[in-house]
Amino acid sequence: MQRSVPRPAVSSIDRQEQLAYLSGLLPAVLLLMVLTLAPAIYLFVVSLTPGTPTIPGSLTDFSDPTQNYVGALQDQQFLDSVWVQIKLSVSTVIAQVLLGLGVALLLHRRSRFLQALRTVFLIPMVLPPIVAALIWKILYTPDISPLHRLLAALGAPVSSLITNADTALWAIAFADTWEWFPFTMLIILAALQVVPDEPIEAAKVDGAGPLQLFWYVILPFIRPAIVVAALFRLIDSIKAFPLIYVLTSGGPGTATQVTNYYAFTQAFNYAYWGYASAIAVMLTAGVFVLSWVIGRRQGASAYGR
Amino acid sequence: MAGEQLGPALPFELQPEPSSWRATVAAALTNAALLLALAFVLFPIVWLVQISLRPDNDALGYQLLFRPTLDHYRALFESQFLRSFLNSVISSGLSTFVALVVGTPAAYVMCRWRFRARGAIAMWILSTRMAPQIAFTIPFFLAFRQIGLLDTVWGLSIIYLTFNLALVIWMMQSFFESVPISLEEAARIDGCGMWSAFLRITLPLTAPGMAATAVLCFIFSWNDFFYALILTRTNAMTAPVAIINFMQYEGWEWGKMAAGGTLVMLPVIVFTVLVRKWLVSGMIAGSVKD
Amino acid sequence: MPSFRNVSRRHVLKGTAALGALALTGKAPARAGSKPFQGVELNVSCWSAPFPKLLQTYLPEFEELTGMKVNYDTPGFLIYNQRVDLELSTKGSSFDVLNITFIYVDRWLRAGWFAPLDSFIKDENATPKDWDTDDFLPAARKIMSGKDGSLYGIPWTCDCYMAAAGRYDLVEKAGLKMPETFDDIEKVAAATNKDGVAGFLGDNRHGWNFPPYLQGFGGNVFRNPPDDLMPALDTQEAIAAADFYSHLLRDYGPNGVLSYSYDQVTAALKQGRANYATEGHIFLMPAADPDSKSAKTVRYSMFPKGPAGQFPGFATHAWGIPVGAKNKAASWEFIKWAMSKSMMMRAVTEKGYSSPSRRSVIESPEFKKRLMLNGNDVAEIYLKTIELVGKSNYMDYRIVSVFPQVDTLIGQAMERIVSKQMSAAESMKQAQSSAIANLKRAGIRL
């Protein structure tokens, strides 16, 4: 992170000044340590134990520190959950980028009305996720869903999407896209607004049509923004919880049981704290590796200057 | 990061649209597509709100026309829901307050002082934003059960600090950057110490930014479901968790759930309109280079 | 929120409350102003079953009687168990009275998460003699007793697995009778599965619904519970049972049957949208309620026999006091009030409660009358089933500490089969290996 920090006029910061700075910084740093570093270390420590409340002393039993990790790699449910996660993450990121891009292009016009409209498009993203989940539970429950009723009235009844193993995950992906495409839309919209005029004008002089203009001129400009938006959605898609909790509880079977949800059930339904910690450690490591890889590939010039 | 998000006062810069793009047909198509997208976004929300207004025996009714009633809302206010609503307000408010008090000076230092660990701290803040919640929840749960913070608004406020503090440090930095350093220097020539110059000059200038940051912190805490689900039971249960309590024996109480959902969603929508400009930079806290 | 309406209701209640006190203790009501628990706030929670729900309507009486304030919470079954398991594992004090869920009995009692009740029961100041603990069905009491012999929970329900045909008219029209064997179920479900009526119906708690079929086919959940906990989910019998059970749901169940909760099953029966269901009787009986469309057509029977015999499920739930509760005397005051003879009798006579746990109530003429449904003597089915449960120990699989995990695995296994993700054999094999891994994780030696 290289912010362009305004250089203080005094080039040699004296000791007193340093102390003054430290006094402002330290409380926050200490608090952050207690809040994030300490839990991270503790999580890792617990993941080395068979910790569960029904076995006394198990939280401090380090006799077989790798058992949870070895166990996870042999646990079909865990492995399946990773695959479900990949399917959900990839599909929602793609859908959200496409939809976000589409709506951003629609909204990218000079108009007071459209400016106001943008705020409306933001609503799904800021809704409490539990409310979004509730909304989609209503829309996906055949007994009360207006969509199911409409289809039935049209003579094409559709059976419940969230109890069908073939469709449950895609139903969740659809709801997730509804909830989060405003995010990609907003970032892309911001990028569209700083595309310089000159290349566009030049391309038009050369006789480029709208499609060519978009593909060869605009897209290269906004690509970094798209990558950033996609990266964020990818990382956040791993945290998707309320939708799955309310819509399917990971079912039918384990069709929508993503890794995060699996770790949740292991930790808080059955109190396998050690095992769940190991999964959480792997999940966190996965997230960091993912952002590092993508961040590196995109390089420092990923976005903006 | 480019664009309007960071600069609090940047006007919308719309680029001129070439008239050749605007064939009438294209415009009509565009408008139709926009309308469609708008319906896609709004319909589910509107449907939730209308269920909350339907009479009880008609919650799942077929008729589009009905006489709206506030019965479900009334029932909510007579139940424990009100208490959970208050819990939400308190835990979110408390966490926001502490995050601002501790985080604002730190953001100022991060902005004005180039020290060696600065990059590392920035990375650290970013990584807390990336880490899955479950990674925090397990250790916090285990620690809270030892020290008795489970099912308290205090405990909840503490865990909300895990994201709020990082958010404040990130957001406020960009606001401080927009304050010309010469103003502070002038104050210091007049004999002010560093922090008193900060308090007298810099902070008042960034008050709107601080308000926006506070609102974002509040929204993010308010929206939390996962932490509250695990760390609260009765005393500190928040409104989002209270909503799922209506998944009950006599069938789900759709009317009450919808009313509860509407109530939880309203403040967020109001706040969103207020802080729309800063929403994205808040959501990607600290991760984008500029 | 205090309001004039509430105040006036309280005044009205005072009279009833005094009567209630008389009925409760058989003694004169306590002197005014001598409410030892005045001002105590009591957090009570149970999953949303009929009894705790109807008890809720009597709460103002209890509050008036004792001066306590009760925060009463009845979330859904899964949410309740998850939340409470979490809370108990911390020995927290968020709750004063909790339901001891049947499948968690061993897990919760063995871990020492509930307080023994004997000290309250034997203390004559706390509990009058005629409150009569021995009146609760011995089978249920045995389940709620710890290894130390003390009672940890006061059972409020004895739920029996049985069968109902909501549209018996359709069954008769097809020339069939109430099923007595698994084969009969197949015939009846197939014959009545048309014209908007689903032939078969079951709720999504497969860990509860499947074992009666499993055992009917000669299988079991574990090899020999509680001594040998080796899971037995991939045996020939288990696969055959899974095949049969999932076939009923898949081919004769209503749209979206996999997500049907017990209340939706009840609703579907009442609306006549489904015909034959095997379920706990508390969820089947409302089909005969006056507001039910199938009140005139419903027929009940014992759960049918499988090739290997008849194994209707049985469940009991009980009020207990978590060890972390701050004011256990106040907690007991609530349990004592909720589970008194008079309260359970009133639940039957005033609210039509169908699953009492006190022998005196079960044998009362009022209850017999309550269980005469559309010409069916459900009381007889009920008692016969309880007798069957008492004769052998086939329900032992359910009170093993690791059953909740296996319960979920069974549920997932059935959903995989019904939703055609896997064959019965594949799915049960996976359930078996997951169960073994789970048991190991829980520190159980196989």
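Lettered A, B and C in written order, each chain numbered from 1.
The rule we apply is simple: contacts are C-beta pairs under 8 Å (C-beta built on N, C-alpha and C of every residue); 3 or more make two chains touch, one makes a residue touch a chain.
As the structure is a prediction and not an experimental result, all values here were calculated from the model.
Of all the chains, the one whose CA centre sits at the greatest distance from that of chain A is C. Contact analysis places A-B first among chain pairs (by count of C-beta pairs in contact). Distance from the chain B centre to the chain C centre is 41 Å, each centre being the mean of its Cα atoms. Inter-chain spacing, taken between the CA centroids of chain A and chain B, is 16 Å.
Looking at chain B, one finds that residues 141, 230, 244 touch two or more other chains.
Residue numbers of chain C whose C-beta contacts span two or more other chains: 86, 89, 264. The multi-chain contact residues of chain A, meaning those touching 2 or more other chains, are 143, 268.
Across the complex, chain A meets chain C through its residues 50, 52-55, 58, 71, 74-77, 141-143, 157, 159-160, 162-166, 249, 251-255, 265, 268-272, 275. Contact residues on chain B toward chain A in their complex (touch as defined above): 1-5, 12-18, 20-21, 30, 33-34, 37-38, 40-42, 44-45, 47-48, 51, 59-60, 62, 102-103, 105-106, 108-115, 119, 121-128, 130-143, 158, 161-162, 165-166, 169, 173, 177, 181, 185, 193-195, 219, 222-223, 225-226, 229-230, 240-241, 243-244, 254, 257-258, 261, 264-265, 268-269, 271-273, 276, 279-280, 283-284, 286-290.
Listed in rising order, the residues of chain A touching chain B in the complex are 1-9, 13, 17, 20-25, 27-29, 31-32, 35-36, 38-40, 42-43, 46, 59, 102-103, 106-110, 115, 117-131, 134-136, 138-139, 143-144, 146, 149, 178, 182-183, 186-187, 190-195, 197, 200, 204, 210, 225, 228, 232, 235, 238-239, 241-242, 245-246, 260, 263-264, 267-268, 273, 276-277, 280-281, 283-284, 287-288, 291, 300, 302-305.
By the touch criterion given at the top, residues 1, 43, 45, 48-50, 53, 71, 73-76, 79, 83, 86-87, 89-92, 94-95, 262-264, 267 of chain C touch chain B in their complex. Chain C meets chain A in the complex at residues 78, 81-82, 85-86, 89, 107, 110-111, 255-259, 264, 401, 404-405, 408, 411-413, 415-416, 418-422, 427, 430, 433-434, 437-438, 440-443.
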